[in-house]
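Next come two complexes built around chain A: one with chain B, the other with chain C.
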Partner chain A sequence: MNLKETLKVLLGGSLFFAVSILLLYVLSGFGDRPRLADDGAKRQILHIANGSEPSGIDTHLTTGVTEHAIQMALTEGLVSEDPVNLDPVPGIAHSWDTSEDGTVYTFHLRDALWSNGDPITAQDFVLSFKRALSPKLGNEYTYMLYYLVNGEAFFKGEVEFNEVGAKALDDKTLQLTINEPTPFFLSLLNHHSWYPVHVATVLENGDLDSRSNKWAREDTFVGNGPFVIDEWKVNNVFSVRKNPLYWDADRVKLQGIRFYPLESLDTEERAFRAGQVHKTDKLPLPKIPFYIERNDPNLLLAPYLGSYHYSINTTRPPFNDKRVRQALSLSIDRESIVKNVSRAGEQAAYSIVPPDCAGYTPRQLFEKDIVKAQRLLAEAGFPGGEGFPEFNILYNTLESHKSIAEAIQQMWRKNLGIDVGLENQEWKVYLTSKMNMDYDIARYGWIGDYVDPTTFLGLYTSYSGNNNSGWGSQEYDDLLAKAAKAKSLEERMEYFHQAEKILADESPFIPIYYYMSSYLLDSRIKGWYPNLLDHHPYKYVYFEE
Partner chain B sequence: MIRFILIRLLQAIPVLLIISVVTFAMVRTAPGGPFDQEVKMQDEVKAAIEAHYGLDKSAIEQYFVWLGNALQGDLGPSFKYPNRSVHELIGDAFPVSLELGIWAMLVALTLGVGAGLIASTRPNTSRDYLPMSIAMFGICIPRFVMGPLLILVFSIYLQWYNSSGWFFASDRVLPALTMGIYYAAYVARLTRGGMLEVLGQDYIRTARAKGADEKRIIFKHAFKGGMRPVVSFFGPAMANLLAGSFIVESIFQIPGLGRYFIMAAFNRDYFLIQGTVMTYAVLIIVLNLLADILLVWLSPRLRFD
Partner chain C sequence: MSEAANNQKNEVIDLAHVEKGSSLWSDSWRRLSKNHLAVGGGFLLLAIAIVCVLGIWIGQSHEEQNLSLGPTAPSSDHWLGTDMLGRDMLARILFGGRISLLVGLVATFVSLVIGVIYGTVSGYIGGKVDSVMMRIVDILYTIPFIIFVILLMVFFGRNLVLIFVAIGAVEWLTMARIVRGQVLSIKNEEFIEAAQALGLSRMRIIFRHIIPNVIGPVIVYATLTVPSVMLLEAVLSFLGLGVQAPATSWGALIKEGADAMEEYPWMLLFPGGALAITLFCLNFLGDGLRDALDVRRSKD
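Now for the complex of A and B:
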C-alpha cells in the first residue's frame, strides 16, 4: 500500500471519529445540563442513592433499611426522633404520661392530619396495631408488638383484640399497656412496625390483613409524614415532595427527595462523582481507605449499631469445650484486622454490644493473649494444635468476608497450629446452613433494631430464634430477665455487665468488629448528624442557602 | 410460509412446557427459600405467608395452579415486591429493555456492518486490518469495563451525560454504546466473512467482467447474500439484547428486564423467576422464527420446509 492510500485511511478514520464525537455531543444536549446535585442544592431537593428498589412501603410488611429510609419521609409514629441522639421527641403525640409502675403509657395526640385531610385519631393507631398483630398478614416484625399486654396471645389466636393493651380512650387519647416496665419503650415506638396506617384506605383496597392488598402504592397511599409520594417508578426513582398538611410543615425545608435504587456500589459512587446524587448508600470497600487518606470532606464515617462476629456451633466437638472456643477467640488480632483487612475505620470488638449503646459501654473482658490461648488449647487436648479435627469457616460469598476469613485462618495457623478451611455459600444457602446449624464456625452480622443493649444481648438467650450456636444458659437468661425488671439504670447496666461476663467466659461467638456507616454525603447538606442507627429525620435536613 | 410458521409455533408448545417444568423443579429444589433472612422468621408468620402464596400445597399441585393461572395471563405475585404482580413488573421492564435493545442493535449494525463492508472491499490491506483490529478490541473488552470507561470520560470528566438513570433521551447513549459496541465487533467480523465469501462467487466475477460499478456490485449484488451470517447471528443475539443485560443495567441503573433474571434468582422469588424465564424463552422462539423467515428471503436457495 502506498503512502497516499495510508493517508486516506488515516484521514477517513479521524474524520469518522470527529463526526462520532460531535454526534455524541449533540445528543447530550450540548452538555449544558445543570448537575442534579447543584440544581437540588439550589431548590432544596435531596437526591439519595438508596441501595435497592424498596420491596414496598407498607410499614407492616417491610423489614429493610432501604424501605425504612423512604417510610421515614412518608409516615410518622406517636413519637419521633431527635436528629442528633435519636432520643424520642413528640411526634403525632404531643405529650404522654407514664404510670408509676411504668407499664401504662397515655399518649395525647395533636390535631394532625393524614395526607388526604382526614384527622389522625387514636382509633387509627389501635386498628394499625391490630393489623400489625393479625396472624394472617404475615408481618415479620409482629414480635415488636409483643410488648403490649396480650399482643402475643392475640397473634396466636388465644384472645380477642379487645383484650390487647391498646385502647383509644377518646379520639385524641391513646392508652398502651405493656407487660413490664421497658426503659426503651418510647424509642421502640420509632420502629416502623409501630407506625400507623390509614385504615380506611387499607379497607378500600381489600382486607385489613391481606398481604396482597394494594393500598400502599403510588396512586393510593395515604400517609402522615413530612412528605407525600410524587412519583414511584420501579427500579428507577421513588420521588416525594413536601406535605403541606404535615403538622410541623413549617420546619421542613426540603421541597422534595428523590430516592434512586442504585444497587451497585460502584455505580452510586460514580453517580456521586458525576454530581447526580448528594448521598450514597455505602462505599465500595476498596475505595474507603482512599477517601480516608485524601481526607475527603464528603466522606462520612460514623459508628453503626452492628456487630460483626463469628458464631460457633457449640454442639459439635471440639467446639463443645469452652476452652477451645476461648482459645480461638484469644488468638485473633482484631486490631490488625480492622487496620489491615477491613480498613473502613471499624472498631475492634471484644464483646457483642457496641460501645455507648443507650449509655452502656461494655467492659473489655479479654484481649489478645496467645500464650493463654495455647495453654487452653493444650488443656483441651490439642497441644500445639495437634490432632485438632478439620473444620470450616462459613461465610456468604463476598470479597470482604473472604479477606477477613483468610486473615483469621492465617492467625489460627500461626498462633495455634490449627488448620481451618474456608467455605463460601450463596446468601440463601448460607442462611439455610446457619438456621439448620449445618456449620462449624459461621460469619454473622447483627444490626440492632433499636438503641438498647438488649437488642444484642437478646441474641444469645437460649430462647432466641437467631441464636444458632446451640449454646444457652439459664443464668444468662435470668440476668436479662432481672435487667428488664431493674429499678434503676445502674442496676440494669450491672446486670448487662454480668451477662456479658458469662458470654466472654463461654464464648459461643467470636466478636471481630463493630460496624461503621461509611458513605459519601455532599458537604452542603446541613442537619444531618451521624448516629448509631444512621437515621436522619428529613424534616431537619436542608441545604445551606 | 404460513404452514411453516404454524408448524414452528406448534413445536414451540412442548418446548415451553418442558422449560417451565425444568425451571419450576430447579427453583424449588434450590436450597434456601424466598422468606429466609438474616433474622429468623417466627414459624407462625412463615406459615401464614406460605399459606397466602399457596406454598403449603404439594409441588405438583403448585405447578398446575401456576400453569393454569399463566395460561390465563396471570403470572402470580412477586414475593419480594408484595404489592406488584410478576405480570406488572415484566410489563414495565420489557419496554425499557426493548428500547435499549433497539438502540444497541442500531449501534451494532451501523458500526459493525460499516466496518465489515470497508474491510471486505480491500481484504488484507490496512483498510481491512484497522477496522478488524478495532473489532477484535471491541470483542475483547468486557462490558463491565467498557461501561465504566465511557462513564469516566463522558460523565465524570466531560459531564455530557448522566452516569446512570433512565430519565432523559441522552441517558440512552452510553448504555446503547456499551451494549452495541460489543455486538458491533461480532457483526463486523461476520459481515466481512459473509461479504468475502459472496464476493468470491462466479456471479460477482461476471458482474465485474461486464464492467459494473464497484458500488453497484457491493450494494446491489453482494450485500444481500453477504448479510446472511449476520442475520442468523442476530436471531438469538437480538433475544439477548431485548431481554436486557444484568451487567449493563446495573452499571447504568436501567429499569430493564435483565436485573430481574439475576435478582429474582438470588431472592428465590419463585414466580418472578418463572415469569422471566418464560418471557426469555418466548422471545428466543419468536426471534429465531423471524430470523429464519428473513434468511429464506435473503437466500432464494432456501425454502420453507
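Now for the complex of A and C:
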C-alpha cells in the first residue's frame, strides 16, 4: 500500500463513519420510545428507581431502605403514619386505648382482610410478634420488640411466650404491655419489624421461625397492604398492583407501582430524563450542583434522618485497640467531604444521632485532630503507620460510596501513613458480609426507623442485631435503659449525652455525615411530602388528572 | 544408505536457498515497511507506551487528591483537567495506560503461548488425543467468565497478576482452535512429510516446521485479542474485580468519565481518545502484519 492509497482509505473510512453516525442520529429522532412516565401518569402507575434488587420481602428478615420501600406497599401494621408529619394514624387498628400509666395499649382491630380474603385477627399479630422474637429466626431487628414486657427474656429463652406482653383478648382486640411508658411507642409500631405476617401461609411453607422458609415469594406471599404483588422479576422489576381487598382501597388512587433495581445512580438519572421513571433513589454526585444551580423543579432536597458512617469490626486486630479506631476517626476531614464530595448540603457528623432529632442535639465531642491521631496510632504500636496490616473498606456498589471511600483512603494515607484497599460488593452480598462480620471497615448508612434518638443510639447496644461492629458495653446499655425510665425530658437527654460520650471514646464506628435526601421526583406526583424519614405512604400518592 | 540421505538433505536446503534468495522474515519485513499505515500505527503505539511508562516521572501524581479544587476543565496547571476528586487527568491517563497496555500485552502473550502450543499439539498428533484435547476446550468454553474470575478471587485474593491469568486462561481457547485448524490444513503438506521421512522428532517438527507456518493468522488474531482483553479488563474493573482505587486503568477512567460526561466532558474525552487511538494502531498494525506474513501470498 502506498501513501496515496492509505490516505484514500483513511478519508473514505472517516467519511463513511461520519455519514453513518449522522444517519443513526436522524433515524433515532423518529420513533421515540414510549415514555413510561407519561403513560404511568395517565394510568396512575408509579415507576420508581429503587436502588438495588431487594434482598427479600419477609418483614422480619429485612433491614434495608430498598426493601422497606416495597414492604410499605404490601403490608400494614396496627398503625399507619400521616404522610406529612409522620404522626401515627389508624392502620389495621381503627382505635386504641392507653392505660393511665402509659404501659398498656389496647388495640381495636377493624374488619380488614388479608390479600387472600382471610380476616386479619389479633392472633395473627401475636403470632407474628412471637415469630419476630424467636431466637431461631435470627431477626436483626429483634430488639425493636424488647419494649414488650418479657420480650427480651423470651428471646433469651428465659420465659415462655405466654408471659410476653402481647395478648389477643378476642379476635379483634389486641393488648400490648410495655416495660416503660414510651412516648414514641405508636410510631414504633409502624416499623416493619412490628408488621404482621399471614401465619397460615408461613406455616404452609415451613416452620414459623425458620429463616429458610420461602413463603415470601412472588406466588405465595400474602399481605394486607394497599398493594399486592403483580410480578417479581429478579434484577428487572418488582411490580405491585392495587389490592381491591384493602380496607381503605377507596383512598388508594394509584393502580400500581413498579420498582426497578438499577444499581447505578447515573442509569437512574438518565432513566428519569428519558421519562422512564418518576422517582430516583439518589442523584449522582457530579450532577447535584448543576441541578441545585438551575433550581430544577424535579429535584427534591430535604433533611433526611440518617447517619452515614463506617462501622469498624472491633474483633479484628488492630481494630480491637480503641486508639487505632480513634486515630482513624480523628484524621478524617468531614467538612471537606460534605463540601467537595457529597455536595448535597449534608452536615458533617461527629456522632451518630442527627441534630435536632426529636428535640435532642448531640454535643460535638471531638474534631479533626491529625496530631492527636498520629500520636494515638504511635501509642498503639504503629508510628507513622509503619507495620499497619492490610485492610479494606467494604461498600455496596455505588459511585457515590466509591468517591467517599477514595477520599478517605487518601486522607488516611496522607495523615496516618496507612494504606487501605477498597472492596465493593453487590447489595445482598454486602449485607451478608456485614452481618457475618466478614469485613474490616464497612460503609454503613443508618436511617432512623422513627423520630427519636433511640433509633440511632439503640443501633450500637450489645443486643442490637444490626450492630455488626462486635463492640458492646454494659455501661452503654445501662445508660439507655436508664434513659427509657427517665422521669423528665432533661434527664433523658442527659443520659443520651453520656451514652454518646462512650461512643466517641470507644469509636466502634466512624461518623462521616448526616444524610440529605437528594433525588428526582416527577413534579406531576401529588401527595408526596418531604419528611425526615423519607416515608411516603403510597395510599396518599397520586397523579394529578 | 545414510550417506545418501545426508547428501539429499544438503541438496534440498541448498536448492531452497537458491530459490529464495532472501529469507521469509526479511521478505515479510520488506512488505511491512511498505505499508505506511501499519508502520505509522506501530510507531505511534510504541510512542504511547513510552510516554505512559515515562509518565511516572512527570510531576503530577495519579492519586494526589485536591478535594477543594474538584473537577476543573483543562488548564495550564492541569493539561487535561482534573477529575471529581481533583486529581490530575493526564497523570491518571498515563498511569491507566500502563495498566491497560500491560494487561493487554501480558494477557495476550499468555493466551498466545498456551493456545499455540495446545492447538499445534492437538492438531498435529490428531486421532484420540485430538478429540480429548478439543473436548477439554469445549468444556472450558462453557464456564462463564465472570463466575470463573470470582472463583479465582475467592481462592487467590485480588491482585493484578490474577487478572492476567484469568483473562489469558479464557482467551487461549479461541486461539487453540484457530491454530488447530491451521495445523490440520498444513500437516499433510510435502515439507512436513519430508521432515517426517527424515526422522525428525515430533517436538522438532512442531516447533521448527509447523509453528512458523501458522504464525501469520496467529499474529493477526493476537493483535485483535489485545483490544478485547483491554475491554475485558475494563469490565472487570467496573465489577470491582479488576484494578482497585487509587490505581486505575483506561477502562475504569472511561467508566468514571461516562458518569459525568455531560457535566465534565473532558473526563470521558481524553481517556476515551487514548483507548481509541491505541486500538486503531493495533488494528492497523495487525492488518499490516497479516499481509506481510502471509506465506502463500505471491511474492512482490
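Here, the second predicted complex is superposed on the first by the 321 of 545 C-alpha atoms of A that agree within 3 Å, B and C clash if a C-alpha of one lies under 4 Å from a C-alpha of the other, contacts with A are read in each partner's own complex, and residues count from 1 in each chain.
The rule is short, and it goes like this: a contact is a pair of C-beta atoms (placed from the backbone, for glycine too) under 8 Å apart; a residue touches a chain by one contact, two chains touch by 3 or more.
All of these numbers come straight from a predicted model, not from anything done at the bench.
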First, second, both or neither for A:Phe155, with chain B first and chain C second: first
First (chain B), second (chain C), both or neither touched by A:Ser14: neither
Contacts of A:Gly445 with chain B and chain C, given as first, second, both or neither: first
Touching partner for A:Leu262 - first (chain B), second (chain C), both, neither: first
Partner chain(s) touched by A:Ser99 [first = chain B, second = chain C, both, neither]: neither
Chain B versus chain C as contact partner of A:Gln410, first or second or both or neither: second
Partner chain(s) touched by A:Pro286 [first = chain B, second = chain C, both, neither]: second
Touched partner set for A:Gly421, first chain B, second chain C, both or neither: second
Touching both chain C and chain B, counted on chain A across the two superposed complexes: 1, 6, 9, 266
List of chain A residues in touch with chain B within their complex: 1, 5-6, 9, 13, 24-25, 27-29, 31, 33, 35-36, 53, 55-56, 58, 61, 63, 135-140, 142-143, 155-156, 210-212, 214, 216-217, 233-237, 260-264, 266-267, 270-271, 273-276, 426-432, 435, 445-446, 465-466
Of chain A, residues touching chain C in the complex: 1-3, 6, 9-10, 266, 284-287, 290, 333, 336-337, 339-341, 397, 399, 402-403, 405-407, 409-410, 421-425
In the complex with chain A, residue positions of chain B that touch it: 30-33, 36-42, 44-46, 48-49, 52, 77, 80-84, 89, 92-93, 125-127, 130, 148, 151-152, 154-156, 158-170, 173, 250-253, 255-256, 259, 266, 268
Residues of chain C defined as touching chain A within the complex: 34-37, 63-65, 67-68, 70-71, 84-86, 158, 240, 244-246, 256, 258-260, 262-264
